[in-house]
Amino acid sequence: MNPVNYLYLAALLFTIGATGVLIRRNAIVIFMCVELMLNACNLAFVTFSRMHGNLDGQIIAFFTMVVAAAEVVVGLAIIVTIFRSRHSASVDDAGLLKL
Amino acid sequence: MSHVETVHSLWTLAAAEAPKKIPGPHIEYVQLSPTLIVLGAALLGVLAEAFLPRGVRHRAQLGLAALGLAAAFAAVVALAAGGYASDKSHVAAMGAVAVDGPALFLQGTILLVALVAVFTFAERRLDPAADGRPVDSFAAQAAAVPGGDAEREAVAAGMVTTEVFPLVLFAVGGMLVFPAADDLLTLFVALEVFSLPLYILCGLARRQRLLSQESAVKYFLLGAFSSAFLLFGIALLYGYAGTVTYAGIADVVSGTTRVMDPALAGSTANDALLLVGVAMVLMGLLFKVGAVPFHMWTPDVYQGAPTPVTGFMAAATKVAAFGALLRLLYVVLPGMRWDWRPVMWGVAIVTMLVGAIVAVTQTDVKRLLAYSSIAHAGFILAGVIAATPDGVSSVLFYLAAYSFVTLGAFAVVTLVRDAGGEATHLSKWAGLGRRSPLVAAVFAVFLLAFAGIPLTSGFAGKFAVFKAAAQGGAAPLVIVGVLSSAIAAFFYIRVIVLMFFSEPKADGPTVAVPSPLTSSAIAIGVAVTLVLGLAPQYFLELAGQAGVFVR
Amino acid sequence: MSFPLLTATAAVPALGAVATAAVPAERRAAAKWLALAVSLVTLVLAATQLVRFDPDAKGPFQLTESHAWIAAFGVRYDLGVDGISVVLIGLTALLIPFIVLAGWHDADPLETHSSRWRPTQGFFALILMVEAMVVIAFEATDVFLFYIFFEAMLIPMYFLIGGFGDRAGERGEAESATQRSYAAVKFLLYNLVGGLIMLAAVIGLYAVTADQLGSGTFSLTEIVQARAAGKLDFATTTERALFLGFFFAFAVKAPLWPLHTWLPNAMGEATAPVAVLITAVVDKVGTFAMLRFCLQLFPEASKWATPVILVLSLISILYGALLAVGQRDIKRLIAYASISHFGFIVLGVFAMTTQGQSGATLYMVNHGISTAALMLVAGFLISRRGSRLIADYGGVQKVAPVLAGTFLIGGLATLSLPGLAPFVSEFLVLVGTFSRYPVAGAVATVGIVLAALYVLVLYQRTMTGPVAEPVREMPDLRARELAVVAPLIALLLFLGVYPKPVTQLLDPAVAHTMSQVHESDPQPAVHVNDAHVNDVEAAK
Amino acid sequence: MENLIGTLVLVPLLGAGVLLCGGRRLDRAGHWIGTFAAALSFVIGVVLFADMLGRSGEDRELAATVFSWVPVGGFRADVGFQLDQLSMTFVLLITGVGSLIHLYSVGYMAHDERRRRFFGYLNLFLAAMLLLVLADNYLLLYVGWEGVGLASYLLIGFWQHKPSAATAAKKAFLVNRVGDMGLSIAIMLMFTTFGTFAFGPVLENADKAGEGRLTAIGLLLLLAACGKSAQVPLQSWLGDAMEGPTPVSALIHAATMVTAGVYLITRSGAIFDGAPDAQTAVVTVGAVTLLFGAIVGCAKDDIKKALAGSTMSQIGYMVLAAGLGPIGYPFAIMHLVTHGFFKAGLFLGAGSVMHAMNDEVDMRRYGGLRRYMPITFVTFGLGYLAIIGFPGLSGFFSKDKIIEAAFAKGGTEGWILGGAALLGAAITAYYMTRVMLLTFFGEKRWQPAPSPEEPGAEPAAETRGEGRMPHPHESPKVMTIPMIVLAAGSVLAGGLFSLNDAFLTWLEPVTGHEEGHSPVTAVQVTTATLVVLFVGVALAWAQYGRRPVPVTAPPGSLPVRIARRDLLQDDINHIVLVRGGEHLTRSLVYVDHTLVDGVVNGTAAAVGGLSGRMRRLQNGFARSYAVSMFGGAAVLIAATLLMRAV
């Protein structure tokens, strides 16, 4: 089966993720959408490495996972703090800073 | 069918004989020493957090951070003196990190900026002491709910978030690698390494914690969003070139080597992968430098974050991000200059104009400075676009000059306080010049430097980049540049008018008397501003020598 | 290495400014005396320049100093004076002491000010700072060096305008403060925009020189020589664009119609000494720079633009005069009069004749002195009554004859009455213009009628007629004030009767400029075989 | 001798300097210092005159270049003097009459606390006027030209507390400036034509210049002359100038300054000779003005204004003569001198009358004064006879010659001019007789003195009680002596000058002379003149001598009213210039504020508004920021692809 299709899938996932970021209110969900985008990238990397026949892409995918994990740590921490002080995880409620 | 065969052959190869021993990576520790020192110091800082008694932590952390940064700077100087800036410059750590003029220059700048910034982090005299203990501008316990019992207890217990020092060190570590990164993976990792600590730092303000946390959330979400784009761009470039090393991609772009795999011949032929990838990577970097239309986080985050952090971010992040941008455009993509230059033209123009215009109606000092930083990003981009060695050196000089002005300006902002902490609303600055002429005068100097008035570093830098742009054939950019400088001048002047020509308000803010830490930070800012304004020759030469990238 | 006279002339006031600013708050008087002393020392140095300057020496510039400064930008610290600049430096150094003396009490702090606010020290320090920058601008033979100080001098001027005003009479402190800062901001933005556009042109100049000479340079002499040698040659459009960039900045500074509206506000709101500083000293840099830089760097473009510029300056002359007639505010009236006079100066510069350019330069000097005299007396008048409105005065000559007399003489100088200095220069400008552009010369002559109109109307409304109630108790000029005005008037008379000392300094420089522009005076229609005309031809 | 010429100007100049800068301490002696300076310069003048007579006709001209004034390139203006017969005539007239009037003023201004300054101004005037007539180039002449303008401004407005005086002074200066504009342009034109504007080279080479340029220069000079000499159309200031103290009117606005225009034209004869059209313009102006002034003179009840009108008209005669070229120059100058005598005398007489009548100026309130102030009556009467050209008195000789010359112009032009001149003579006789009758004859029509709050009162009046009936008395000696001398002059001068054409031969080297071919003989002209003279006198007698004169002027017919309003000159000026000017300036002020300034403020406002609108985008919602980023990325990608596509 033509690996190019995996690329299309990756692009699709990425777009879904981006759209999610744009339309969802809940910070957690938005964050998950970002994760989805990162994983789309991973898929793309793996696919390309398969096409190129070198392993760089796969290595990068691992790096990406680690980074994503680190991001989760920081991100959740921040989101939780603001949830505790505001009792809501909706990013639209955080609108003090504007203009 | 071709790809099937390759796949097959790959597997069969794997099956045929046992895999050879993979040679251990060869790392030039000396040449990476600046980064390593800083990260080492950061780790020590973490340990110190764990083991030292609370009482001594602050002093210890400060010492550790300052020491680490100073040592790293010494290492940079040593490397530069050792010729790594010029003839001996090369790519270290198996093609991951470049050690060359621009890298060392920027690393030196970042380290100095960080050093000065750390002083402002450690300032403990501005806020009124909470039951007897001096406090800095960071939350006693970030996790505690603002105004909740936990917070009160934390304050009573005299907790202080000394973790900020290790965090800064980590961030600096990332920033040191960012402009030196010589493959896209390193670029991405470095980006995250310096972004994540910053996200946290933004949320640590002692006063107005809601704003602070909000800024952290916004910064984090948008940052993650942009880094996702960056990563996808990297993926596409990898797909296009089959490698992520700058040199490798550059060769493919310029067509000196061809991708072996015929399966990708099609995608190589139409450069969609390349172009989309480049665009996305550029977007990731432009987000960090705060270029329009990826700038919208800047004002909110600058305003919400603790002012010392804002100063540090505004100065250091820009330096690092522009460094990376330069390397990417000059090392990876010189071959496709005719594709990215027009695009960057557009970005530069809108950045200059939007930054200047929106700043006109700002009412908060920190937001004002945020927008001015956007406008300045535009000016620097003009230099980047020149695509000449002059362009590189002018950008380097501008970054050095600009970062110290910014640092100084935000340091001054920390001094003007009233009951609610820092009094950042402009209306409260009215008549400051009457009440405390010195502080007002110093701030005026910084504003004039921002405005690019001659005899300040701002003018030298602006002249350098515009000159490079003009010689690089971007005369229209220069025109737009001077026009937006004119608009920008208007709001800098407004602040000066406010400070000197309007009567002070009865309930106006007081100007806190800082400890030597902040004072020295401000003093350094002023000194650098004036020296680079009056006698920039030496530093221009330095930047000029540092203007050559290694490949 | 001889004594760096030019640097010293600028350095003394600069250091003096720092010292003055450093005087502690309560030692106010000391600051004043210090500033006065410094300005006098500067005057001595400027006089030394005039003495050591040799009118008939070879080469465009004298007393030159040259040091490397910012090699990366091709910028050098090059100083040098020709006849024109040495005279203007003399004017500057001459006026500053009077300005200081006239502003003696203008910056005494009000009770409302906190003790840390030290307006007096600031006021005099800023004046000296402006002097230093103006002097450097006159001396600079490096375009970039000139530009830097041309721009930088805006900042101290800005604080002088916005920070110090007349004692607010009926208008109330708050109102006048708003007006002041509006004027200051307007002044700064106008000139800053001009300066930034010039910056673009300066950069362009560098790009061109770097492109054609290998290494970019800003040295006036180098560029001129390179052009003469044909090594450097601008494309027509480039030269015109650069010329416009430069000229715009100078036209704002000069100020030329329609870029003039900042001047009335600035001069109206600032105290009289500062107003004099603006119009008599700082603005001269603009007209001087047209002569020094526009014409010498871009001769062809200058010729190309001449028609338009002539028209603009004619408009300035008539427009400024007519608006002066229509003013109700003494200082604004004088400001518009200055606009009219600057029209004459620009006209003379671009008439491209010896008489025109010598006249224009001489005009800069004379206008400086005459406006100083008129404006300072007006300032004394205003400080007595606390109002700038003409309608608030009347019959002053009855109660303060000396004040009225000096005011009248200043006014007569402003309408360029023969026997007073401005007449000579104005007539030279007119003749110079007329001999090349008769129509323009004739139209400009209408200006002298209008000048008479606004001056005499002003004098009649303020000084003559029945004594107005508010001025009934008005004291006459005090010793300090007389000490300011008397020398200026004496100078006006002297230069009106015997301008030769100045003109003979100017002549060679003007001749040099003319040769730069490749222009020569038009010859008379009839060849007069007359003895002294012949020996004049021989002299040429 | 040459050096003396300089001192001639210097003496009164120093006098002025001393008096004006001297301060109060000089108040007590000031007037004598001033008079002394004037007298001294007169003496110097006489010495020079004697010296000049000592030399033969051709080498009588003296020249002295003092120093080089404005040397710039080809432009060479010197401070140099030239004393020839023409200048000499003026020097004597100016210093002589000047000294007398100084003397007179000692008495006239006795009660004014600012007398010192008055004499300072008078000296300043003398210096400027002498500079004007002694200059050897047009630019220096211009200096004197404006100098006398300044002096006249200061003296007309001497009583500055009177708004009317201040206004009149301003008006005089402004109208003169219009003329000066002509002079300065003329000088520029000379410079471009000859490369110099010294009398010598310009006049010698005038013929080379071509008629076009000469005509232009001539007309410009005429404009200048019109301004200074109050000729139509720039005559309007002279009437108002009577606001000044009477000695000023006598010296400046009758005897000397106002004749400067005639001097200018005569001096520039060579130029006019080459430009017939310009000459036609000159004679026309002269003819029109002589009638204009005369008519105005008939209608005025204010004695000084009536005399001002006559001055205007007499100068009209001179200009007319000067316009005739060499035929007329000598007679123009001759009439100028004689007029200097009798008109000065008349004004001083008028001053003496006002002095006696509480500064009343309305002739309708005089009457029967001959018994109360005999000296004034006699001197005034002699002046009267002189001006109407009574046979044997000076006016007769000079005016008669001019009329002859006018006819001698030849052709219809000659007839017209001659006719105008004759008519003028008739009207002159009429209004002067009127003045005589109203002032010295008939019954007393005295009124109480003007009340103090009327600003028109001269300070002299303050010293005498207001509201009392005037008690006329003869003026003190310092005032009468000058009057007597001038009267003598006005009787004898003409005769002396005409003795075997002494004056003609005296001036000939400068002005040249040619006999006109008159269509009518001198005898005919003389008889005609005498006829019209008696007609004029008779008319006046019929109107004012026979029946009593109403104290308040009757409304009068339309032409009379128009004449009273100076033939509407001021109204025309007001409507055309003043109104128009006011509207122009007002609209310009508006334009400056709204348009020129508005553009700038507008752009500022526009930027502000734009900023405000763009600020709204920063709405605080993280997701909208993300949208902008996403959109930005899309644009970026699209742009990059597009760049490659094109």
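As written, the chains take the letters A, B, C and D, and residue 1 is the first residue of each chain.
Methods note: a contact is a pair of C-beta atoms (placed from the backbone, for glycine too) under 8 Å apart; a residue touches a chain by one contact, two chains touch by 3 or more.
By chain, UniProt protein names: A = NADH-quinone oxidoreductase subunit K.
Keep in mind it's a predicted model, so treat the numbers as computed, not measured.
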Central chain of the complex, centres being mean CA coordinates: C
Pair exhibiting more inter-chain C-beta contacts, A-D or A-B: A-B
Distance from the mean Cα position of chain D to that of chain A, given in whole angstrom: 97
Between chain B and chain A, distance of the C-alpha-averaged centres to the nearest whole Å: 23
Separation of chain A from chain C, taking each centre as the mean of its C-alpha atoms, in whole Å: 66
Distance between the centres, which are taken as Cα means, of chain D and chain B, whole angstrom: 81
Numbers and ranges of chain B residues touching at least 2 other chains: 217-218, 221, 225, 229, 299-300, 490
Touching two or more other chains - residue numbers and ranges from chain D: 604, 615, 618, 620, 622, 626
For chain C, residues contacting two or more additional chains: 189
Pairs of chains satisfying the touch condition: A-B, A-D, B-C, B-D, C-D
Sites on chain A touched by chain B in the complex: 2-3, 7, 10, 14, 17-18, 21, 27, 30-31, 34, 37-38, 40-41, 44-45, 47-54, 56-57, 59-60, 63-64, 67, 70-71, 74-75, 77-79, 81-82, 84-86, 91, 94-98
Partner chain A, residues of chain B touching it in the complex: 3, 6-7, 10, 142-143, 145-146, 185, 188-189, 192, 196, 199-200, 203, 209-211, 213-218, 220-221, 224-225, 228-229, 231-232, 234-236, 238-239, 242-244, 259-261, 263-264, 299-300, 303-304
Chain D contact footprint on chain A (complex, rising order): 18, 21-23, 25, 30, 91-92, 94-99
Complex contacts: residues of chain C adjacent to chain D: 186, 189-190, 257-258, 260-261, 319, 322-323, 325-327, 353-355, 358-359, 395, 397-398, 405, 412, 417-419, 423-424, 427-428, 430-432, 434-435, 438, 441-442, 445-446, 448-449, 452-453, 456-457, 460, 463-467, 497-500, 503-504, 506-507, 510-511, 521-528, 530, 532-533, 536-537, 540
Residues on chain D engaged by chain B in the complex (per definition of touch): 604, 607-608, 610-612, 614-615, 617-618, 620, 622, 624-626, 628-629, 631-633, 635-637, 639-641, 643-644
